[in-house]
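There are structures below to look over.
Two complexes come next, and they have one chain in common, chain A, joined by chain B in the first and chain C in the second.
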Partner chain A sequence: MSLLSSIGLRTSIIDNADGSAELSIYNNNSNEASSSSSSSDDNSIIKLITSINGPIEPKQRQELPNRASLEINIYPSIGLSTTKEKLLENKLRSILQNNIIINYKYPRQLIQISIQFLISSGSGSSSSSSSNYGSMMMNLLDLNALINCCYFALIDANIAMNYSFASIVIIIDHQGNLLIPIDGNDLHQQQQQEEDYESIHLCCYSIIAKKVDKLLLLESQGDFNESQLFNVLEKSIYKVEKFHNEIHRQFINDKIKNDYIWKQEREDE
Partner chain B sequence: MSKELSLNQKNYLIQALKSNIRLSTSTNTGGSRKFNQFRPIDIKLSNTRYGSVELSLGKTKVMVNITSRITEPYQDRPFEGIMTINCEIPNHIKLQSNDTTNNNNDNEDEFINLINRALDRAIRRSNAVDLENLCIIAGEKVWELIIDLQVLNYDGNLIDSGCLAIITALLDFKKPDVTINNNNTSNSSSTSGGGGNIIVHDDEMKRPFIELSILHIPICLTFSLFNLGSKETNLKTNDIDQEIWLLDGDAMEESCRDGYLIMTMNQNHELIQLSKIGGGGNNGGVSIDGQQLINLCHESIDEINRLTNLVKSTVKNHQLNRYNNENYKLLESSADR
Partner chain C sequence: MSDTIILPGDKLPIDEDIFTVKTTIGPGIYKKPKTQELIPSAAGTLHYERAKSSSQQLIYIESNSKRYIPHTNDYVIGIITGAIGESYKVSLQSNSTPVLLSFWAFPNASKKNRPNLKNGQAVYARVSQDIPEIETELECIDPTSGKEGGFGVLDESGYIFDVHLNFARELLFNPKTIFLETLATRCQFEIAIGINGKIWIKCGNGVKKEANDGSNNNQDQGEDQEMIDVSEENLKDLKSTLAAATFLTRCQFVTQDKLKQELNNAFQGI
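For the complex of A and B:
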């Protein structure tokens, strides 16, 4: 299964946080070639840690009378926070604030989300890419990674959620073909040929009972027409459902089994 | 955001220290730590990127990334490159504080400033890196090193772990080779005056990268000071037994300590930084004996040597592994003699 070999996941890695998750997205070819000789962590293209504290007591300026307030901080892997991190924060807030988190369960309380990028996409190359296409692609890949990582951190923190959610990135090249970087395509090659695509799209869906329910976020950059957009949406629904059913649910199933081992012993008595 | 300790916890810790027992265990042996013992240190270097280090000191975990780019130098220093240390502590790190009268925000800001200033003095101001070596064209183009220190998990002693991680990353980091193309001979109508164009060789297979010029290796040691008696006894008498110092305090010990001492030295027995804030007055802190301070400097040389050799051997072993894995032997021009 190529999907499982592309993503590394860990939760409950930070002691002081209520919930935390670490997501790594690997380069497929490099992982297979050098998996016997080097650590798997070093082949990551994107690696980030999300930690969630909450519900906790808010500051007075953050307090909302009948809803939970949300504080999101994103720390980049290179340099200090800039307007790019503020943009990512706003997009993540638009997903979580009113859609995912059940706000009225935590009135006058704060949910604090910190996202630290350890490896950003494009930070592997030492020369900085001044191309406009490259920075577009890097931003959406980072946004895709942090949305998926937030999902696992929210589950680890036991925050009440309306539905599950998952996001995916689809690239349209110059010939009109759809490329999905997570689906076994060589992402490293895409970085080197960053001029070789026409547009890039990020789709984030809510999922109820293993089925895609609503479109939460659609972020598209580049040149595309209406039929291409509908084609992207059609393909992404299938891919997101497959991604969620094969990776998300399986990982959460294993995690809950590990977290609640004591129940099994009690049932045996 | 701070996690407060109860009075029972604090009294329990103080009573254990009076009995020569530290509450935190050393993971290697399982027993109680000595007063001058570090927690186990685990250093991981990245196989694919230079200057990327993940360091664990017990449960404290930090990560350092070093990147380089070409920029203009400062006007007053045209022959020197630029080095910047960014240390950002995310807000999920809960700093413990037993001082409930202070505002939590002030505690955090003081803590972040303390770490930034200590690391800046230890590494940048002590000239650990030869900045003149980063100059490409004087007054026009120099290398800028950006060091990003990220705190992943906090269990005390961020200064020592941060300094160790940054030093390891600087020893591991390599920058691309640069060729200066003199513009006067090829193009007489140059718009940039007497300057030349530069070619950055960013493909490592064609031309190997160049290490930084490290002049010395500073190592930070942070001592947590405890006054077991009362404040009046500490000021009036010279009873050294009432003063206890701990090396590498964890989060609980750091929150209960009365003062701290940051000492930075290198393997050449040189004292680089000595920082002790407060002592006896209303500002907090604890007064310590002058002779005890000198004894601390002498006794710490063994620990400085151990940590320096640990850093050097880690980087050396990693470079040897990288050399073997990437088959750099095939690139050597000399025959196998």
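For the complex of A and C:
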């Protein structure tokens, strides 16, 4: 199921997990992708699966007396987990642990989150990974996909949450223009021209009553000044609210239709 | 009563003055301890009930899940996994925190007359205490009559399988559910439905082991024929039990106009 032209989403794909989600981020320009050797078969740039189990019985060292403890495992698409995955885990934990999940509902319990990248950004292009700018952008794009996929998996697992959340990545090029990957721009082309980018920013917001409420995470890398940062924040708020009102709504509508398909007399489609 | 789809972070369409209007909250609604504000904590279908003339309102969110969280007065199917002091340790779901079933939680139980349950046996019980900070407790006593009331040890010749929690609620609380009525047109069965997503089912004699295995060496033709008949009957019951479980599992994923088709597929060859 494809919600928009650039995002693919599936949930409840793992039977043994309480909640699971698979998120794919595609190239918009299929013509250019087919002519490039770095393109993968399903035309994805980033693809990952998140599974969540919980609340379950914790190990004694994980137990917290009046809150749920969180276990996060991140596995890369190539090789073994390294300090990069540990960094992603710490950033994800800073968002989920005390902000989003209502910990006090599950005292002395464990919520287990496992994330497996199937395709990482830049994994198909060996030249870009050697670039300093390239590795910065790859990390933030992976983190962005990981945060959004966790939201869908948490909804699927029915974990209690204070509010919804969504994250977005914005790139500033040398001319000072703001570019947003997966939103009308061709990310594949940008990867090949990554030397043109001055900085990259990731913003993750909480959403209450369909409006952006708090900034949960702001991760910036590269050279930028204060006015550029405020421009990034201003533009990202609009994009995140649009993401929530379109993709999150569509996702929950489809999920409820699938969960209660046995209530329907016949297929709608 | 209105049904709308709601996400965490949305604003609840209720009377905000929860101190004047008596408000009852159900699953999916969370009352913030600091601000006393009601927020939706789950994504699903919002159910809101308020009588016109009444000063009371009820609100809850219905959603599907696979992980069961015990609540008082739920009927559950558990597996005995051990004994601690004067209680049995019962598992309601794999990897979940175990719950306790006291030796005294049976009808007419006393220190001298205690139940004799072994590891691996299945019990149908009612949740009697669900304080989140301490261990949940079960009972096998009907709270009104003080007798069994259908609770207790489940027959070992039944078959236990898992379903989603919302489907289990439909089977248990909807007395006219189409799924059990459709199944009843095909075979007779006994069923125990646990809100924790486990269902125990048995058709006829169920999946019982061969009772006369090699115990009768009599060469009399009549008794041999009788043994063959018993064996065939047991095999038919075994197939029916598994087919019924397969049918109920498939019901979760199809619309109602395909029930007949799924029933025929499950009972094919029986």
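Following the convention adopted for this analysis, the second predicted complex is superposed on the first by the 244 of 269 C-alpha atoms of A that agree within 3 Å, B and C clash if a C-alpha of one lies under 4 Å from a C-alpha of the other, contacts with A are read in each partner's own complex, and residues count from 1 in each chain.
In this text, a contact is a pair of C-beta atoms (placed from the backbone, for glycine too) under 8 Å apart; a residue touches a chain by one contact, two chains touch by 3 or more.
This one's a predicted model, so the numbers in the text were calculated from it and none came from an experiment.
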| item | value |
| --- | --- |
| First (chain B), second (chain C), both or neither touched by A:73 | first |
| Touched partner set for A:53, first chain B, second chain C, both or neither | both |
| Touching partner for A:118 - first (chain B), second (chain C), both, neither | first |
| First (chain B), second (chain C), both or neither touched by A:107 | second |
| Which superposed partner A:14 touches (first chain B, second chain C, both, neither) | first |
| First (chain B), second (chain C), both or neither touched by A:259 | second |
| Touching partner for A:207 - first (chain B), second (chain C), both, neither | second |
| Doubly contacted chain A residues - partners chain C and chain B | 53 |
| Chain A to chain B touching residues, read off their complex | 13-17, 30, 34, 37-39, 41-43, 49, 51-53, 71, 73, 75, 77-81, 112, 114, 116, 118-119, 123-128 |
| Touching residues (chain side chain B, partner chain A) in the complex | 3, 44, 46-49, 52, 59, 63, 65, 67-69, 86, 88, 90-94, 146, 148, 150, 152-155, 175-176, 200, 202, 325 |
| Of all residues in chain A, those that touch chain C in their complex | 18-19, 53-57, 66, 102, 104-109, 155, 157-158, 160-164, 206-210, 213, 248-249, 252-253, 255-256, 259-267 |
| Touch list for chain C against partner chain A, complex | 5, 7-11, 30, 33, 39, 41-45, 63-67, 69, 95-98, 132-133, 164, 166-167, 170, 179, 251-257 |
